[in-house]
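The following blocks contain the structures, represented as structure tokens.
Across the two complexes that follow, subunit A remains constant while its partner is subunit B and subsequently subunit C.
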Partner chain A sequence: MSLARNLNKILSLRSLAAQNRLFNLNNNLINKSLLINSVQKRYLSNEQEPKIEIKISQKAVPHFFRCSVNDPLKHNSVHLNKFYKVDEKDLKVIDPFQECLTREHYAEFKAFNETALMIRQPAIEVIDYIKKLDLSLPAYRFVLYGNENGTGKRSTLLHLLHYCQKDNWLLIHLPNWSAVLRRSKESQPSTYKEGRLDTPIDAALFLKRFSVQNNKLLKELNLKTTKKYNWSNRDSSPEGTPLLDLIEYANTRIKYASDICGAIIREIKFQTNSNKYKVFVAVDQVNSFFGPTRLKRADKSEIKVDDITIARNFKKLLKNDWCNSVVVSTIGSVGVILPAPDRRTKFYDTSISIQNRRRVPCSLHYEGPLTPAHLLKKEGFYYLEPFIPIEVPSYSDSELLTHYEYYRDRNWLQSEDALTDDGREEIKFLSGNNPREFMRVCQTI
Partner chain B sequence: MNFLKLSHLLNPLKINALSSSLPATKKISTTVMSNFYLNSLKLNAKASQLASTTKLPFSDADDKSNNERAENISRAMSYYLEKMAERESLMKFKTEEFEIGKRHLAKMMGENAETFTQDDINRSIEYLLPSGLFNKKARPFLKHPEDYYPKSKLAAFGSDGRPLHHLFYTGNPDFYQIIYELTQKYLNLNRLEDAMNLIKGRMKTIHKTDEADLNTRINLTGSVWIDRNKLNVKFNMKIDELSYNKFIIMLQKLAEHSLSKREETFIGQFIVPFEPPIKLSDIPALLKDETGRPYQELEVRQRTAIVKLKLYEGNGKIKIKAPEGNFNINFFDSLTQREQLLFPFKVVDKINKFDIEMEVNNGGMSCLSKAARYAISKALCCFVSADSIEKLRLAGLLTSDSRPKERKKPGQEGARRRYTWKKR
Partner chain C sequence: MSLVSKFSRAQSSIFTINTCVVNTFFSSHLNTKFYSTESAENADERPAKKERVFFREQDEVDGFKVFDVYMNKKKDERSFDQRVKRTYPRVQRDRFARYNRMPIDQDWTNVWPTASPFKQTAVPLPVRQGFVKNMIENDGLPPEKYANVELIKIPNFLHLTPPHIKKQCGAIKKFCTPWPKELKTDEDCEKNFPIEITTSTYIYDGPSVRDDRARVVKLQIKLSSLNLDKRSNDKLIKLAEDRYDPATDTLTLITDRCPYRRQNEDYANYLLTTLYYESKQCEDWESEITEDDMRTFEWEKSKSKENILNTIRNIEKIEDETQAVNLKQVKTYQNNLSKIFNEGETDTNILQYKQSVLNLLKIKTA
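Let's look at the complex of A and B:
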């Protein structure tokens, strides 16, 4: 039955896009005799045409859960609790490797054939602040936090990234950052200084992302280095090489990627005084900068965050010794290595999924409060101070209602019981107004 | 009578003289009576003489056998009597002991020995000798010996060794006696019905309505048949499940007879009034908050889990206070456990209309969720109508799961799980 239900979902979604294409597809399928079972036959055969309601006429009618304004520059508190559509072209620029949100989110975007984000209070609040900021002052730091996990910190970050991309900011985006500390793809000792660790592939990935996100702006600005950089005894780049050339150079010589990464960050940071451009730094899970790592040297001695070259460089972005910049960061416990109080369990790590893990002795699940003071600890708190904490709360009733109506519009809820008022109340009860839980509950219906 | 007394006193030789002196009318009667009396005396004398001195040849063998049998019977009977006497003396000794013990206990507790009841004894023993033994029968007690010594049965045979009851050889005479009576009564009713039908047929003009028929039938509404255990206790016998079921079927048949009201007293022995499983009077009243908001408080334990619940009328907010911190419903990881909390509300059709405050301790997650479900449904009873309570009961939400935690076995990892087997 689940297969039939999913098929129904997919088919009905496709109907919104193009009906003709679907029938062509059906014909092809039948010709190639790829049908597996009777359920598919029922849906894909020519004799019994699938009952598909065509909602092309309804498409033009604005729904109350949809925002008519898709440009994030014009978003304000009037458009609260509504979904706006992100252009696919924009998304490919902002989030080229689909790292900003979770895998579940991208699966939904693919199924719905569109990327829709909810306009929520914290995002609007930060946008309001950014509009009014005096950028000649030192960097502004925002910290997004929630009292629970899964309240939508990353999606607000995506919204802010979209806004800044439209507003011609230079984007520096560090998504899924703490994975480097847990298990870097490749590591080698640094040539620049002894005892440090280079993570060339991660650095190259960052440079790639950076170049995709800011390709247009970098070409316009045509930034050049102000210093001669020596990568090794033989290789060096002279003063006045464009940054884009440096990135290309890193692609060819991945060995130097982490050093080049540091050089680019240095150049961007100290050329902001020219007031030619503004920098928007988005850091996911900023508290992992102030914790332990899982990496070890050959002699089994522990590696600190400051010993990793790119981490050291990224950490400089969080300081407020530069202007024309805004830093927005999130803090969280999921996927972050946190020092545990128990001696037997060195770290919390939620990648272990035990159903009853909360009750298992020496469990590796962090259950403490999720406020900045608890997660950043003393070191991180004083490093980031002064910062503006912004809470991302779980759904209010109206937000939950709009999300529910959106799913309903997308034919995501197939069970008839889920479409009734009682069903909605049940989903609300089971999810506890948590957006991620709401999403997961609705996946199964 | 005066005459008899006189005759008893007089010498038999003087009787004739006396009779001659009496009037003619009373002569016959007196002579007959006196003759009978004299004969009987003579016979007695003769018999005694015979027994002591001479023995008739034909009665010799019979007497011998009689004597033997009497000896056998007397052995069995004497054994029985011996046992009875033994038991009696034992009981006497034990009751004395009990009385003394009771007095001592009363003195120890500083109470009056005269008014010291069995309840007081139980209470003081629980206080003086607290015991955590699992089996309650294994815990210390002080009771009257009649309460815990097995009761002695009356002899089921007479002095001649033959059983008294005609159904003795069935093995369960009391039970089969009842069944015998039952069938007899049923047959009698059948006979009576036939007779009445005959009369009805003759008197065609008189016509009885169905309502009258109903009046002759016994009314069993509001009552149930007696439980097997209770039946065993009431009639002091042992019946197995199968014969009990058969017995109930027979009773049902008798009760459904059209004239069953005639046997109301007999059937009434086996009827117990039906008690509703949940009494509305038992449900506690709502408590009130400082702000005047009604709520209900409960504590439920299951296995090792402890749940302290407060249920308010509200918007569906859930607060769970665990040793790890404060949570909402996402304290429970899996959906199945969250659905446990949802279920009672769904039965009553009041989702998101109550606020929950829970304090949670010990236990595993599924155990906690089950305990929470029971606590919620019990607390809900105070808020909802009687119909909804019945719905909750039918859904099985008002029965607690009384299964304890299974103990860990030595040589095993847990209750059932073994250590992984390793060759060496």
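Let's look at the complex of A and C:
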């Protein structure tokens, strides 16, 4: 039964994709009449042509769940609860490594052949604030929080990133930062100061992302260093080297990546006074900056967040001692780093009966309240103070309805029962208005 | 004679003796059997056994009838199933028993003045106690009070009936003093007698009057009635640890380490006085108290003040500290922040905090 359903789904998707391909082809032909050869002419002259036209006319009918404005600069409260299409070129710039959202999201985007985001209240609220800000004052800090997991903090962040990218902000984006504190890909003792830890691959990854996101702007601004930096006894970069050159240098010498990362952050922070550019810092799971890490030194002593070179530098971005900048961060249970289960003393999930219990050690999850003071604790709270807390609530009824209609439009819901009103109510009940749960429930039907 | 032949003779002699014993045993057994068959013939002494009746003709094999034991057996009139139930003679209603001769309006306190084991003659109640196996035994009813050990075993409260208590209270009444007129309400009582001591006495029917649990003393007092200043109040709460309940503002001391109640009561009082004077004393190291040690959040002493003054310095360009602290938006911020840390993060508290931050950072809201 499930196989048949899946097959149905795949077939429908394929037909959708084919349809889209035809649509694109048609568009291309109309725009550029270069590729038309005799074969294509014959193809177009066949009976299939009017069919395509009909499909186009069907597409042209505006759905109530679709936003006609795809430019985030023009979004306001009129467009609430509607899906807008993120341009693929923009997405490749904002989110080059597909880290902003979860894997499930990207799988859906791939299946639907488009990236559609819902315009929701928190994003619009922050955009409204950003439009009104006096940027000569110290950095503004926003903290996105939700009372449940999976309410859409990261997609709100993506929407904001899209807005700022269109508005020519310099983007500094740290997606899922807590993964580095749990287990960095590679680590080595710092050459700059004893006792500190370099994470070269993570730093190089950040630099790569940073250069992709801001390539255009950095070329325009042509920012240069204001100081001579010594990476080691031999290597140094003189005063006045462009930042893009520094990033390239980090690509060739990954060993110095975390120090170069710090230098770039320092330069960007100090040169904001020139009012040439404005910086948008987006941090996911910011509460991981104010807790323990799972990394350890060679002598098994524990490493604090401030001992990691790049973490130390990123933390400086969260302070409000600079201007022309906005920091939007999310807090969540993923950012709470609990001690890893010891290999020698394994503990198992005792709630499962012994027969069904797998020999897989339990991993601990944070299960406390998800409000700012609980997650940030006093240390983080004082560090970010005064911040503007913004709640990302779970779906309202109208939001859920639009998402449902969107899925229906994309032929994502295959079961006939799910297409009825009762089915919709049941999906709503099963998901409990939680967006992530809604997505997961709809994946199976 | 060889040794072997000697041995064989001895063995044979033993054998003969053995066979003799067996023979005698069999013969005696058989004799009784024979006797039983013989006695059946005497019709006068025992009821004659009916001749077996076969309801089917017996098979014949080679001129012999085959005796079928089971198939052709006819059931007796009195079979196992149809046994007559045993009957137990009921205790008949004895008109001359004491409990039947008691007048209805008698004074029960005179009949049963003190605690004593159950006496069936003195109790005019149809009480029953005990276990019955099934409906056959005693018609499924528990045994009556006559000669019933179960009733004697259990403690009874026949000496503590309402008339008993009324009579005894009436007897003690002459020793009591009237309730003071000033203490009309519970609040008055709390105000004049802030210390509340709770003890429990255990009464039961047994050989000894004493009970170990009676020594436990519980002392309760509201901290507000001690009139302490804020520092010493906090110190007392720190010293009392979990004995203090913040919801009701009460301190509870339970003492049970001495053998007698009076000793425990004295000890509880001693604890209270030492707690009181210890918390009043201010040691030198108490000035080193940090923010984490404090019971409640205080903005003036926290790191938050420094942060906010820094931002205010940038936004409003005010260098003077007292002037900055007295600003309206700073004061509302301070209130809302302490609400979040002291009362917890409710939705309204976070919203208020957000509003105060927006005011502080001068962000216009539509």
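In the analysis below, the second predicted complex is superposed on the first by the 370 of 445 C-alpha atoms of A that agree within 3 Å, B and C clash if a C-alpha of one lies under 4 Å from a C-alpha of the other, contacts with A are read in each partner's own complex, and residues count from 1 in each chain.
By definition in this document, a contact is a pair of C-beta atoms (placed from the backbone, for glycine too) under 8 Å apart; a residue touches a chain by one contact, two chains touch by 3 or more.
In this text the structure is predicted, and so the values were computed from the model without any measurement.
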Partner chain in contact with A:D128 - subunit B first, subunit C second, else both or neither: second
Touched partner set for A:L430, first subunit B, second subunit C, both or neither: first
Which superposed partner A:E391 touches (first subunit B, second subunit C, both, neither): second
Touched partner set for A:E248, first subunit B, second subunit C, both or neither: neither
Contacts of A:V441 with subunit B and subunit C, given as first, second, both or neither: first
Partner chain in contact with A:D235 - subunit B first, subunit C second, else both or neither: neither
Contacts of A:P369 with subunit B and subunit C, given as first, second, both or neither: both
Subunit B versus subunit C as contact partner of A:Y382, first or second or both or neither: second
Subunit B and subunit C contact sites that coincide on subunit A, given as residue numbers: 369
Subunit C to subunit A touching residues, read off their complex: 291-292, 302-304, 307-308, 310-311, 314-315, 333, 340-341, 345, 347, 350, 353-354, 357-358, 360-364, 366
Partner subunit C, residues of subunit A touching it in the complex: 128-129, 132-134, 137-138, 140, 320, 369, 371-374, 378, 382, 385-391
Subunit A residues within the subunit B interface of the complex: 148, 355-359, 367-369, 422, 425-426, 428-434, 437, 441, 444
Complex contact set, residues of subunit B against subunit A: 316, 318, 324-325, 328-331, 333-335, 338-339, 341-342, 345-346, 349, 351-352, 363-365
